[in-house]
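Presented sequentially are two complexes of chain A, the first with chain B as partner and the second with chain C.
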Partner chain A sequence: MKDKIRDILSRLGKLPVAVDSLADDSDLYTAGLSSFASVQLMLGLEDGFDIEFPDNLLNRRSFASIDAIAATVEQIIATRKVA
Partner chain B sequence: MDMQVSFLDRLFDAGLLIDTGVDGLYGRSGEFEDVIAAFERLIDRTGGGDGAEAIRFPPGMNRHYFEKSGYMKSFPQLAGTIHSFCGCELDHVSLLKTMDEGGDWTTGQEATDIVLTPAACYPLYPTIARRGAVKDEGQLYDLQSYCFRHEPSKDPARQQLFRMREYVFMGQESDVMAFRQKWMERGPEMMRSVGLPVEIDVANDPFFGRAGKLLVNSQRDQNLKFELLIPITSVEKPTACMSFNYHQDQFGLKWGLQFKSGAPVHTACVGFGLERIALALFHTHGLDVTIWPDDVRKVLWG
Partner chain C sequence: MNVMAEVRAESLVSRAQRVAAVAAQHAEAVDREGRFPREAVDAMIAERLLGIQVPAVHGGEGATFSEIAELCSILSQACASSSMIFAMHHIKLSSLVEHGLESAWLTAFMQRVASEQLLLGSATTEGGIGGNLRNSICAIEIENGVCRLEKDATVISYGDYADAILITSRAHKDAAPSDQVMTVFLKDQYTLERTHVWDTLGMRGTCSDGFLFKGEAPAEQVFPKPFAEIAAQSMLAASHLLWSGVWYGIAADAVIKSQNFIRAAARKSPGQTPPGAIHLANIANQLQMVKSNIVAGLKTYEDAKRDEEKLSSMAFAVAMNNIKICSSEMILPIINGAMLICGIMGYKNGTPFSLGRNLRDAHSAQLMISNDRILGNTSSMLLVHRQDTSLLG
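Then we have the complex of A and B:
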């Protein structure tokens, strides 16, 4: 999953640094993730994982690091399975 | 809504606002304008010693700058563009025929180079960027303009064409934050001096759509926007009469606003909604300014 997230991040995150140079727990906002790029990233994740972010997860914390994104995506997938 | 309609009707009846047949588009009486002029003098007395450069732009801006600003990404529903007839004589004949028949004559209108200004500070950033490097100690500007937002409403405090007075500071992050903090203290003092009850709360801009939710939450999480609220047509939902906005280095990067070192400037703006403040005064003290409390009249008119 994290490889796929890294792929989406490198295409849509518009980061000034290479995604390969970031650790899974690196702060993406410190690395240069802008608000508008995080919107593109969210749409890319929805497309890539066939999910829809609920309103309560549309916040900065959900996209703060690769670990945080993975946890958010897993949470959405798990909720979907229950439903 | 009823309270909004009845306040609007009372303003019409008193002749303070003048109905044009379009919600949110009103004429203003001399008395209404006199209140706005008096409040602007209070703003001048409060901020005039800070050494701002005053600039007045008309209520339209360069379409190219508007496009670059990213406004359509965030607020497409509020924007107003200016279109004109650019056809030949034959097109004119066809236009008049369509109008005569009651058809939609606007489809042939073409976009001009002008877009209605959505906030007084929008034309400022590209203008200052063209002048070259920003001083290390920062630069301060004093702006006022009519602004347009397409949101027709019966609430007199939500007009489509209204005036915004702004101070904009560009500089180092700490100086920009200090500028905003200073006005978050001055704003409530000013409002209290004219007898208006105020509160300040964290706020967000009306970003469009579901993706906008992420921007709203992000803006609130970072405390980028505060509003000074005064009850006008509702006590539960008081109206934002001032806003205090920190843009981080977003505009510095977007417009190439830099220090000599090449580092992007941070920016913040403080905006006064002049019609809203006048309406708050009329709502609080009554529609006849001659019977407003003496201390309020003294602050406004000396």
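Then we have the complex of A and C:
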């Protein structure tokens, strides 16, 4: 999953640094993720994982690092399985 | 409201009314000469209004945004420039109150603001960046416990008169443009070299000249929290709500002037409804919309307060952006309607119905962080954030 996230991030995150140079827990905002790019990233994740982010997860923290994104995506997929 | 809160709210309002009386006396000269409203700001200091937002345990009165917005409205009915200065000071103070407690220096400074009634200025706007306050070109350098910053700050309101300036920059020389910090510099820790003179259509008393800012201070004066979080969790809300309080007051004053005009006409010819009365009904309705919108925004903020999740959510950001767009746009047709009612008496300067200053001051609202920029930002959030369609939620 994290590889796929990295792929989407490198296409849509418009980061000034290479995604490969970031650790899974690196802060993406410090790395230069802008608010506009973060929306593009969310759209890319929705499309890539066939999910929709509920409003309560649409905040900075959910997208603050590759780890955080993975946890957010997993949480959505898990709730979907239960439902 | 409990009894204590009632007494306090009562006294805040009457203190602000005394300041408004002083501001009103000098408003025309301040506007004409484009000078700092010294008398009004001295009156704010005498009434100790610059520290009211600071929690009582730190020497203030713990005033809420709602209370402060009401004071902005009272002041701007007398002098919008004075009111905007009061609003901008409290927007800066909100960053200290909401995010300063994790730092001993910032906490002590907040206490000084209350005890010494210090006036805080703001420098977010930068040459080459404009109103995109979540980006900086300049970077702060921190070395051996000292921080240094140079910024081409193209607009700093009352820069010459502030006791301290809260200024944004990139966090270090290699930081991305959006990786920002905010730092407090005290008056004796910076120099300001004037680069632009504020000779404007309206809001002339804010004296928002441009400056080359050069500062050096102990590094502990940098906010530990990233500016991105300060902006999202309190500063944008504080700006949109308190500015809206100022703008509402400008429009409310115009409505009152036109109502006075209509009532005078009605008294002169009893039994006949004056021709402009229908316009008055219309702008009173529009003013109520602006008011409801701001009141709802204040409630949204007070409800979300101290809940970092909620404050960082898109729903909250969209709601606050909408408050700003609504109040900055709606006040113009309201004042224009008042002008149609008062006619030449409104168009002329120096009558009890003059609306020139209201109209000129109000035109700054759409530019103060350009509405195009804000709508662009909201439209991007609406690509993922779903609009809440409930009426009360």
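By definition in this document, the second predicted complex is superposed on the first by the 83 of 83 C-alpha atoms of A that agree within 3 Å, B and C clash if a C-alpha of one lies under 4 Å from a C-alpha of the other, contacts with A are read in each partner's own complex, and residues count from 1 in each chain.
In this text, a contact is a pair of C-beta atoms (placed from the backbone, for glycine too) under 8 Å apart; a residue touches a chain by one contact, two chains touch by 3 or more.
Predicted model, so just to flag it, every value in this text is computed and none were measured.
Undergrad: Judging by the criteria at the top, classify the pair chain B and chain C on chain A as clash or fit.
TA: Taken together on chain A, chain C would clash with chain B, as the superposition shows.
Undergrad: Determine, for the superposed model, which of the two partners chain B and chain C contacts more residues of chain A.
TA: C
Undergrad: Applying the touch criterion given at the start, work out whether A:Pro16 contacts chain B, chain C, both or neither, answering first, second, both or neither.
TA: The second partner, chain C, only.
Undergrad: Between chain B (first) and chain C (second), which, if any, makes contact with A:Gly32: first, second, both or neither?
TA: Touch partner of A:Gly32: chain C, not chain B.
Undergrad: Let me test your reading of the model: by the given contact rule, A:Met42 touches which partner, first (chain B), second (chain C), both or neither?
TA: The answer is both, since A:Met42 touches chain B and chain C.
Undergrad: So chain A touches chain B in one structure and chain C in the other; where do those two contact lists coincide?
TA: 34-36, 39, 42-43, 53, 55, 58-61
Undergrad: Under the touch definition given earlier, write down the residues of chain A that touch chain B in their complex.
TA: 34-36, 38-39, 42-43, 53, 55, 58-61
Undergrad: For the complex, give me every residue of chain B touching chain A.
TA: 70, 73, 210-211, 213-215, 217-219, 221-222, 250
Undergrad: Can you name the residues of chain C that touch chain A in the complex?
TA: Touch list, chain C to chain A: 134-135, 171, 175-179, 226, 228-229, 232, 309, 312-315, 377, 380-381, 383-386, 388.
Undergrad: Can you list the residues on chain A that touch chain C in the complex?
TA: The touching residues are 15-16, 29-36, 39, 42-43, 46, 53, 55-56, 58-61.
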